Amino acid sequence: MTEQLLPSVEFVVKTLAHTAIENEKYFGDLDAVVGDGDFGYSLARGFELVERDWDSFDRTDASTFLKKVAVVITSRIGGTSGPLWGTAFLRAATVAAGKSEGDAGTAVAMLRAAIEGIEARGNASLGDKTLLDALAPATDEIAHQAELGSDGPTTVRAAAGVARESADETAKLQAKRGRVAYTGERSIGSVDPGAVGVAVMFEALADTWPAHFEGKTA
Amino acid sequence: MTEQLLPSVEFVVKTLAHTAIENEKYFGDLDAVVGDGDFGYSLARGFELVERDWDSFDRTDASTFLKKVAVVITSRIGGTSGPLWGTAFLRAATVAAGKSEGDAGTAVAMLRAAIEGIEARGNASLGDKTLLDALAPATDEIAHQAELGSDGPTTVRAAAGVARESADETAKLQAKRGRVAYTGERSIGSVDPGAVGVAVMFEALADTWPAHFEGKTA
Amino acid sequence: MKKFVNDPNQYVPEMLTGVALANPDTLRYVPEYNLIMRADAPDDNKVSIIQGSGSGHEPAHVMSVGKGMLDAACPGDVFSAPPMDYVLETSKMLASPKGVLHLINNYTGDRMAFDMGKEMAEAEGVNIETVLVDDDVAVSDSTYTVGRRGVAGNFFVIKVVGAAAEQGADIDELVRLGNKVNSVTRTMGMALTSCTPPAKGSPLFDLGEDEMEMGVGIHGEPGRRREKLHNANEIVDELLDAVVPDLPYKQGDDVALMINGLGGTPISELYLLYGHAHEQLEARGMHVRRNYVGEYCTSLDMAGASLTLVKLDDEIVNGLAAPAETAIRTF
Amino acid sequence: MKKFVNDPNQYVPEMLTGVALANPDTLRYVPEYNLIMRADAPDDNKVSIIQGSGSGHEPAHVMSVGKGMLDAACPGDVFSAPPMDYVLETSKMLASPKGVLHLINNYTGDRMAFDMGKEMAEAEGVNIETVLVDDDVAVSDSTYTVGRRGVAGNFFVIKVVGAAAEQGADIDELVRLGNKVNSVTRTMGMALTSCTPPAKGSPLFDLGEDEMEMGVGIHGEPGRRREKLHNANEIVDELLDAVVPDLPYKQGDDVALMINGLGGTPISELYLLYGHAHEQLEARGMHVRRNYVGEYCTSLDMAGASLTLVKLDDEIVNGLAAPAETAIRTF
């Protein structure tokens, strides 16, 4: 199940970018329920730049590539999402440093680093009703599937399922971080836009993964 | 058919005041169709003052009384209506000067003077889509009924009928005076608020006249 | 009705109370006549400048009282010309040996109230002259109407005449100046939404979600025509196409450009409009020497804007650049 | 959407273009970073004062650039903190030997962008200090949130710090002053309607015809609670009851009182609110020594208002009374 790391990373980033741009309105509407409505806009504008500069990114290795993506996102996305997502990509890049191949374990290590980055930057923990509440359980599921020896498509599909379930579950939580936390109890009852964003992105990966890596996976 | 002039004049003014106050919203809505919506408000505020100061008006004779009413209206009603209605009352007062009794002929003379006052103050003529287009034909009808020898209630009812018909007819006219004239052809299709106001007032007089002068009319 | 209001009948007095309380040292408030006047007026060495008109256009005209601007304003109720009595009493209280100037926005009601008030004040010995403001190109001047309406361009007449009065100009000179500024000033406005007079409690007219009203009056009167909603640049172009050829403003002209908000439009949008209008005028060979972006003459809470041009010469520029104070202060 | 807009993505740049064209002599515009800066900045003898925050709050903060106010503003998109890059580049361009002061409204996004930008600019040798503004009493300061939000009270911090910077104060002195003004400033706002971000094209939330939102945030975030619509005086009383006991402001205090419009509320209504607020404060034994009525920090086209109190001493009054210039001029 070991693969070239750069093409996989490129594929993932491209899918995330595409998904962010396609779902601008949906993500924005989610943020408008109790937030300020700009989550879709911020993400779309940032990933548009990623798409625009796509060909110019240094592709020496996966780590360099991810760092370039992180810089575009951190520098040019405003709102809370720019620093958070940029930090996540940067931390993932650090884990990828020196690696030219990777497997599910590599993915889990990169995602865990991203999660720690978000926790540190946002001063947030699991259960605070943020994107972490989808990203962390989905990452755990990848680790679990790896233990079971599942193939790529199965792993990603399982992670997407968990991400979606967890994102839906955020509706029960009271927000403790971010703009929505100001509203206190009134945040209960609606899902966290960041968590749903993560779920939608995992689902997009699950939908396209088999086609892309056809024949390449174990 | 000759009567004491002061009580009749008092009755008419009281009825107009009551009608203006009761119809504030209706008159305002009419003015909002193509105008600025304040006709009902202006008239109601002015006639409220007339009601408030009612007992204090000098009642030496009908003319003095009407002059006092004119001063309240001219001084304290804003918009176009203050000067127009005030002038009308003032001119009627002039005709009533020196008279303690009056008949339908007196009423016609007073109304014609009021009409001339409005024409002069507003630089308006019949057909310009103003209150004149109800007031002038109604006045002519009073003269006509007087020629026929009709009694008071019959005369007022006939005048009210003509006023209403004429007010309805203003919908066909293009406004040539007042704020509504700015809209040009777009004024066609809706009635003139001033003309409807006159009709509603004549109808109120027709409804109350018999009760008030029961037994006193020929 | 989504408005801050207590008793709609007290809307204007309560607003004036606020203006007076916010300016205790410089303004005097006379509730009987809705009168806001400079505390130091009348001044024997200065013509007193007075304006009336209906309320609902704030900061016009009651918040334009101050040094180098109006000496007094006696507004009527919302969208109603002041009663004659207000004009009379205000003229008497502001009487100066140098005279009193009535700056009148050209509406039937305003003209009647000021005509009657002037006649009666003159009978009591007050010397009064009149300048009419009628800058609105949306209305064609016909023999039928009282003529063009006075709208946001009013600001420029007040500012230039106010500056000259402050410097001691005689009343005839002020009449000349006022007429001159008015003669080179043109405005056209448009509405994205209607407005809601407090006493009515509902919008004056209905505009569809995809409609706008071109040439709207500042009392919510319908304008030239109702159109499909256009984007900001197209709207500016349409306003310019109505205003520029009217005087006409020509290549090489120095102009002042005003983008005036009608009450419900945020200043960010006004600056967006300004940017395009400025660029278009420069592209047509005019030079925007002074600019004004904000609310000068509103129509309650109407979303919309008007565009005003003034053809400048040194005399007008000096008047516009002179210092002034008003009842509304940012600092 | 009833707004003046072309391409929603170009809303902020087009507005900034308008601001720049309206102030050709005094401001410089750097489109890459949404940067509006004083044309004469940086000044070697003056600390440079910078603010970021999202757009949609105009005149805050980009129209507060000018002598005695901000030296630069680098706003993000509508309601979004600026990207870190803007903060970094603005800090570098405004670098002065006397230092750069970041005036940050206390929101997660703003703080992250400024924290990261500060770190990176410091690495390039820029000396930066920070003052946080968090005047909103609607939000209770808990361990969970980033703390109170910065809203209209921001103006007072800018004004006092800006005046001191103009007089050559050192950066430590500015930090002290800024923190001091912030510590005596409290605000609470409420909305009559929602607002419509251009990129969203529809209102951020729904408010019934008979409802209002107490303690609303300036990004359309819901507030403390939704209530039945009250009349103007009752609303003022409710705002005062939230603001006054918070510091608390006490009998005998000299205060500045601001009634800030949220964008869609006409100035006539703001003065109506002001009148009652002024009277109530005086009735509670406070003395309103300075007043501010108008738009200072808006939420796009939201109808609503906020009430701010500042406890005054001579140092603060001097800063507030000092002359200043901004990008928005009435004359």
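In order of appearance the chains are A, B, C and D, and numbering begins at 1 in each one.
Here, contacts are C-beta pairs under 8 Å (C-beta built on N, C-alpha and C of every residue); 3 or more make two chains touch, one makes a residue touch a chain.
Here the structure is a predicted model, which means the values were calculated and not measured.
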Dominant chain pairing [most C-beta pairs in contact]: C-D
Cα-centroid distance, subunit B relative to subunit C, in whole angstrom: 33
Rounded Å distance, subunit B centre to subunit D centre (Cα mean): 55
Inter-centroid spacing, subunit D versus subunit C (mean Cα positions, whole Å): 29
Touching two or more other chains - residue numbers and ranges from subunit C: none
Subunit B, residues touching no fewer than two other chains: none
Graph class of chain-chain contacts, one of line, ring, star, complete, other: line
Those chain pairs that satisfy the touch definition: A-D, B-C, C-D
In the complex, subunit C residues that touch subunit B: 9, 54, 76-86, 88, 107-109, 112-113, 116, 138-139, 144-146, 149, 197, 199-200, 204-205, 217, 219-223
Subunit C residues within the subunit D interface of the complex: 2-6, 11, 14-22, 55-56, 58-59, 63, 159, 192-193, 207, 209, 229, 231-233, 235, 263-276, 278-279, 288, 291-295, 298, 300-301, 303, 305, 320-321, 324, 326, 328-331
In the complex, subunit B residues that touch subunit C: 28, 32, 34-38, 41-42, 45, 74-84, 86, 121-123, 128, 176-183, 186
